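Labels for the chains are A, B and C, by order of writing; each one numbers its residues from 1.
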Amino acid sequence: MSSATKRWKRFVPLFCLMLPGLAYLIVNNYLPMFGIIIAFKDFNFSSGILGSDWVGFKNFEYLFKTSDAYVITRNTLLYNGFFIIVNTIGAIGLAVLLNEIRKKFFQRFYQSVIVLPHLISMVIVSYLVFALLSSDTGLLNKSILPLFGIEEISWYSSKEYWPYILTVVNIWKGIGFLSVVYLASIISIDTEYYEAATLDGASKWQQIRSITIPIIMPVITMMTLLSIGRIFYSDFGLFYQVPMDSGVLSDTTNVIDTYVYRALMNLGDIGMSSAAGVYQSVVGFALVILSNYAVRKFSKDNALF
Amino acid sequence: MANDSKGMQWISHIFLAGFSLACLIPFVLLLVSSVSSESSIIQNGYSFFPEQFSFKAYEYLGSHWGELGRAYGITVFITVVGTAASLAMTSMLAYPMSRNDIPLKHFWAFLVFFTLLFNGGLVPSYLIYTQIFEIKNTIWALIIPGLLMNGFNVLLMRTYFMTSVPPALIEAAQIDGAGEIKAFYRIVLPLSAPILATIGLFEAILYWNDWFNGMTYVTDPELFSIQNILNRIISDIQFLSNNSNLSSSAASSAAELPSTSVRMAIAVIGVLPILIAYPFFQKYFIKGIAIGAVK
Amino acid sequence: MLACALSLSACGSNSGTNGDTSSAGASGEAGAPYELTVAYFTFGSVPKDQQLVEAELSKLTKAKINATVKLLPISLSTWQNQINLMLTSNEKLDLMVLMGNSYANQAAKGQLVELDELLAQHGQGIVEALGPDYSNAAKISGKTYGVPTVRDLAASYGYMIRKDLADKFKLDLTNAKTLDDLEPVLKTIKDNEPNLIPMVNGTGSSPLTYFSTRDSLGDDMGVLLDNGKDLKVVNWFETEEYAAELKKMREWYKAGYISKDAVTVKESTSDIIKAGKGAGNLATLKPGFDTQESRLSGMPIVSYQMLPPVAKTSTVTSIMWGIAKNSENPEKAMQFLNLMYSDKDIVNLLDWGIEGKHYVKVKDNVIDYPEGINAGNVGYSGMGWLFGNQFLSYIFNGDDEQLWEKMKQFNDGAIKSKALGFTFDSSPVKTEFAAVSNVLDQYQAALENGALDPDKTLPEFIGKLKDAGIDKIIAEKQKQLDAWAAANGK
């Protein structure tokens, strides 16, 4: 007992450091969680959140009601799953390459430029994609495809191309920014490791595989787990604005977030929109717990908790 | 061996130059579109070489300079204050969590992580911030809700502390008589320049680009940030496109909303200041690398 | 400046004390003036002289009803969200604009105060300005929760085109009544002016959006044919009429009458015409339409009415005012609303700003911008169709001086749907409503712009609608409509 209190006492300064952050988490994140009950209520403004009637899972029904339920779940999982893999590999690759650049000017130049896409809002990105793909005036149809003797393609009504288009846009917009995260970790790796490896005659590729990757593994695991937790959420702008809300494409562009938006556009039902959020969170939560469990089995140090 | 390194240099340059180009070209298109005449955009689409240049879009924005100037001021203020506060809070929470000897280690991590998965939605947050803290229509409404600290950044920083700050250094400092807090800002923080710069950059961009808090908690035009104003215009156009049946008269008012080139100009003036400020940020980033290398 | 400070301090004191002011305000003209918060939506930015207008307005209302006014413009895209939040958190809010598509929901969810008694007591000016047909059009289960603004309350549809083209090709559309009648005109333009799109469409709409012969009953999920000649609710998308229209659009699309980018267009029709890319389009017409469009497109426009004006619940209730359940003093709110429908000074202050500063009188009822001021730099401009009774608004120089008389005739002479006054409450079928909304958003625009082949896609569309539960919505609608008809002796 007394040794326990003594042990805790030692950490009082550390707990004090944590205090502001924890207080903020409580106010900003934990207190509002009572709002999850709205998902199970028929929300009425004159009765307020607590006074409204319980309706069980009725607010969730529209999510599973139609044959679209399968399509949107499939699309959401496939896209986000694929994005996790491609973005992680791409971003690490980019970070490794950036770390190789010796000339300071170029390193700074590349770093500035590759985060550029991240700074532009998705609406504007959708205009830029449109500049490329428009049937009437698009750069691809008017200038590039004719060079190869390919006929014009009506991009916004051909759904088969969109998995590729969306993936490219996603990589283009996110990867540079993501690589900054990995770069910060790679930079801090002690150069002695590499020097020793070079003396041993290890090739660059071997160095990357046996020094860089293992050292930044905790970061990779964490980033991946975080993405898995949000796998049911998608980037609304990417799936709604970039295809210009073209309904024809919905087989390959409709995801849970866009479905919810389209469904509730006119209804504006708070209960139903929060039901969608609860559904997305619960699935993500289950997946994260499972993956974290798997990571723990594999390597205890890399697990998140 | 030297060959190997040189080859790698070349590969890196080619690849990065290619990717940079892919990032740069669309931005040039954006810039050119903002100075293209409206009719050439509608006639021929977006083009790198428009038939007709026109600075009308910037003249339009210029005529709103009073409003925009104040909004820039608000944005700079919330970005600076918000980023500083955020970095302080994030690192103070992340450091103890990174310590292997802290009691309830996994609990803290889970507590932070859980906030990334579940949220109560906008309504309860709004109730808490406006009813209990009464921040509606104050500058704090632009800084505090949602943005001040992000679980993701906390976990990122925690992982960095765990992997890149050798515990031996902290122990050594403590043996020298430094307390926990002193060790934190004398030893840990200086060693963590790369991650501080990275997260500082994240936060700064987040604050700079945020319009959501402004749209939710602020109705007083004096407190509109630059992104708030820009987003108002762009999303109103978006909204109208989904509600064409609103009313014939409303539609005619909507037609007076700024045109395509203005939307592009808006995007440009929203991004430009970051682009200008970014190299300065990077100086610290590079400095951080230098310090990191010294250890 | 002083008034501004006053209104600020009034705001501060109000947030603290809740019930007190209402009793003081209601008991008579004595006591501190009540501050009314009036919320409405705006497009884009807030006018820079907003506060001056607010102060001037408060001066007037203090004298007339012992109340001051705080204007609360909210960006249209966040409107619904912001209003929901304000109502949930019991923030100060008295009057607010209502939009037809969410009106029934707002009433069902307890956001609004019932107005009938208040209208009888303090709202005579409103009832008078609207007339019996239109003031009853917004009732839900026999109770009024909102009053429509006085503007064009009916809709007629027709084709508008650049006047120079109409003159050049001697187009005569005076007898055109159907889409078939329109076809030769489109062909003429396409053949002679290959660079112009003969049938432009604006963002988010199709030609068929502006050629409606049905009463959509608000949402198109179950409609009345022939503008509501009878009260039988049918599935519009299954009718032969709809199939034929889609076929026509497909032909037009293939012939190049409709833009290949129609589905993804992000500009308004007037911008496209202004840029010299389009010739004309189908549109909702009203008196004064040609002048309005000519101003927007920067060139003379003529229009030809093809379908006569019809008044449906949706055309009337698209813009209304209601009193929020948060209001601490609904009586004062109603008194101010009454002024917006009956007081020329108040209406013009809201519509045009301050005389001498934002406008000058040219004639008795005609105004223009002052020297050196134009549409681009004027410090305030309101939306006439939004602030109560537009018929009390001054005529802007260049518009038809008889505009409001003509508009009144237009409203009074309109064919009235049998279901005028019926508002559908979707809350009993909200699951299906959500699912069907999603299907409509997926298919409607693409089909109606001819981008999809209806032979193949229309059956698929109908199948998806059924799958999402449109039949259940139609049944519910029919049930509510029958009950409404019985209660109203229709």
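The working rule: a residue touches a chain if its C-beta (ideal position, glycine included) is under 8 Å from a C-beta of that chain, and two chains touch if they have at least 3 such contacts.
In this text, all values refer to a predicted model and were calculated from it rather than measured experimentally.
Visitor: Touching both chain B and chain C: give me those chains, sorted by label.
Guide: Touching chain B as well as chain C, we find A.
Visitor: What is the chain whose Cα centroid lies farthest from the Cα centroid of chain A?
Guide: So the farthest one, by centre of C-alpha atoms, is C.
Visitor: Comparing the two chain pairs, does A-C have more C-beta contacts than A-B, or is it the other way round?
Guide: Result: the pair with more contacts is A-B.
Visitor: Distance-wise, how many Å sit between the C-alpha centres of chain B and chain C, to the nearest whole number?
Guide: Their C-alpha centroids are separated by 37 Å.
Visitor: Whole-Å distance, chain A centre to chain B centre, using C-alpha means?
Guide: Each chain reduced to its C-alpha mean, chain A and chain B end up 16 Å apart.
Visitor: So what's the Cα centroid distance for chain A and chain C, whole Å?
Guide: Centre-to-centre distance between chain A and chain C: 39 Å.
Visitor: Mind pulling the residue numbers of chain C that touch at least two other chains?
Guide: 84, 88, 101, 266
Visitor: When you check chain A against every other chain, which residues touch at least two of them?
Guide: Within chain A, the residues that touch at least two other chains are 49, 127, 130, 134, 136-137, 245, 265, 270.
Visitor: List, in ascending order, every residue of chain B touching at least 2 other chains.
Guide: 123, 127, 235, 238, 241-242, 260
Visitor: Could you pull out which chain A residues touch chain B in their complex?
Guide: Those in contact with chain B are residues 7-8, 11, 13-18, 20-22, 24-25, 27-36, 38, 49, 94, 97-98, 100-102, 104, 106, 108-121, 123-125, 127-128, 130-131, 134, 136-139, 142, 172, 176, 180-181, 183-185, 187-191, 198, 201, 203-204, 215-216, 218-219, 222, 226, 229-230, 241, 245, 265, 270, 273-274, 277, 281, 284-285, 288, 304-305.
Visitor: Once bound in the complex, which stretches of chain A touch chain C?
Guide: Touch list, chain A to chain C: 43-49, 58, 61-62, 65-68, 127, 130, 134-137, 154, 156-157, 244-248, 250, 254, 259, 262-270, 272.
Visitor: Name, in rising order, each residue of chain B that touches chain C in their complex.
Guide: On the chain B side, the touching residues are 38-39, 41-43, 60, 63-64, 66-67, 122-123, 126-127, 130-131, 136, 215-216, 219, 221, 229, 232-233, 235-260.
Visitor: Write out the stretch or stretches of chain B touching chain A in their complex.
Guide: Within the complex, chain B contacts chain A at residues 1, 4-5, 8-9, 11-13, 15-17, 19-20, 22-24, 26-27, 29-30, 33, 44-47, 88-90, 92-97, 99, 102-103, 106-113, 115-121, 123-125, 127-128, 133, 144-146, 148-149, 151-152, 154-156, 159-160, 162-164, 179-181, 184, 194-195, 197-198, 201, 205, 209, 231, 234-235, 238, 241-242, 260, 263-264, 267, 270-271, 274-275, 278-279, 282, 285-286, 288-289, 292-293, 295.
Visitor: Quick check on the complex: what are the chain C residues that touch chain B?
Guide: 43-46, 48, 50, 72-78, 81-82, 84-85, 88-89, 91, 99, 101, 151-152, 155, 202-205, 209, 266-272, 274-277, 283-284, 286, 292, 296, 314, 318-319, 376-377, 383-385
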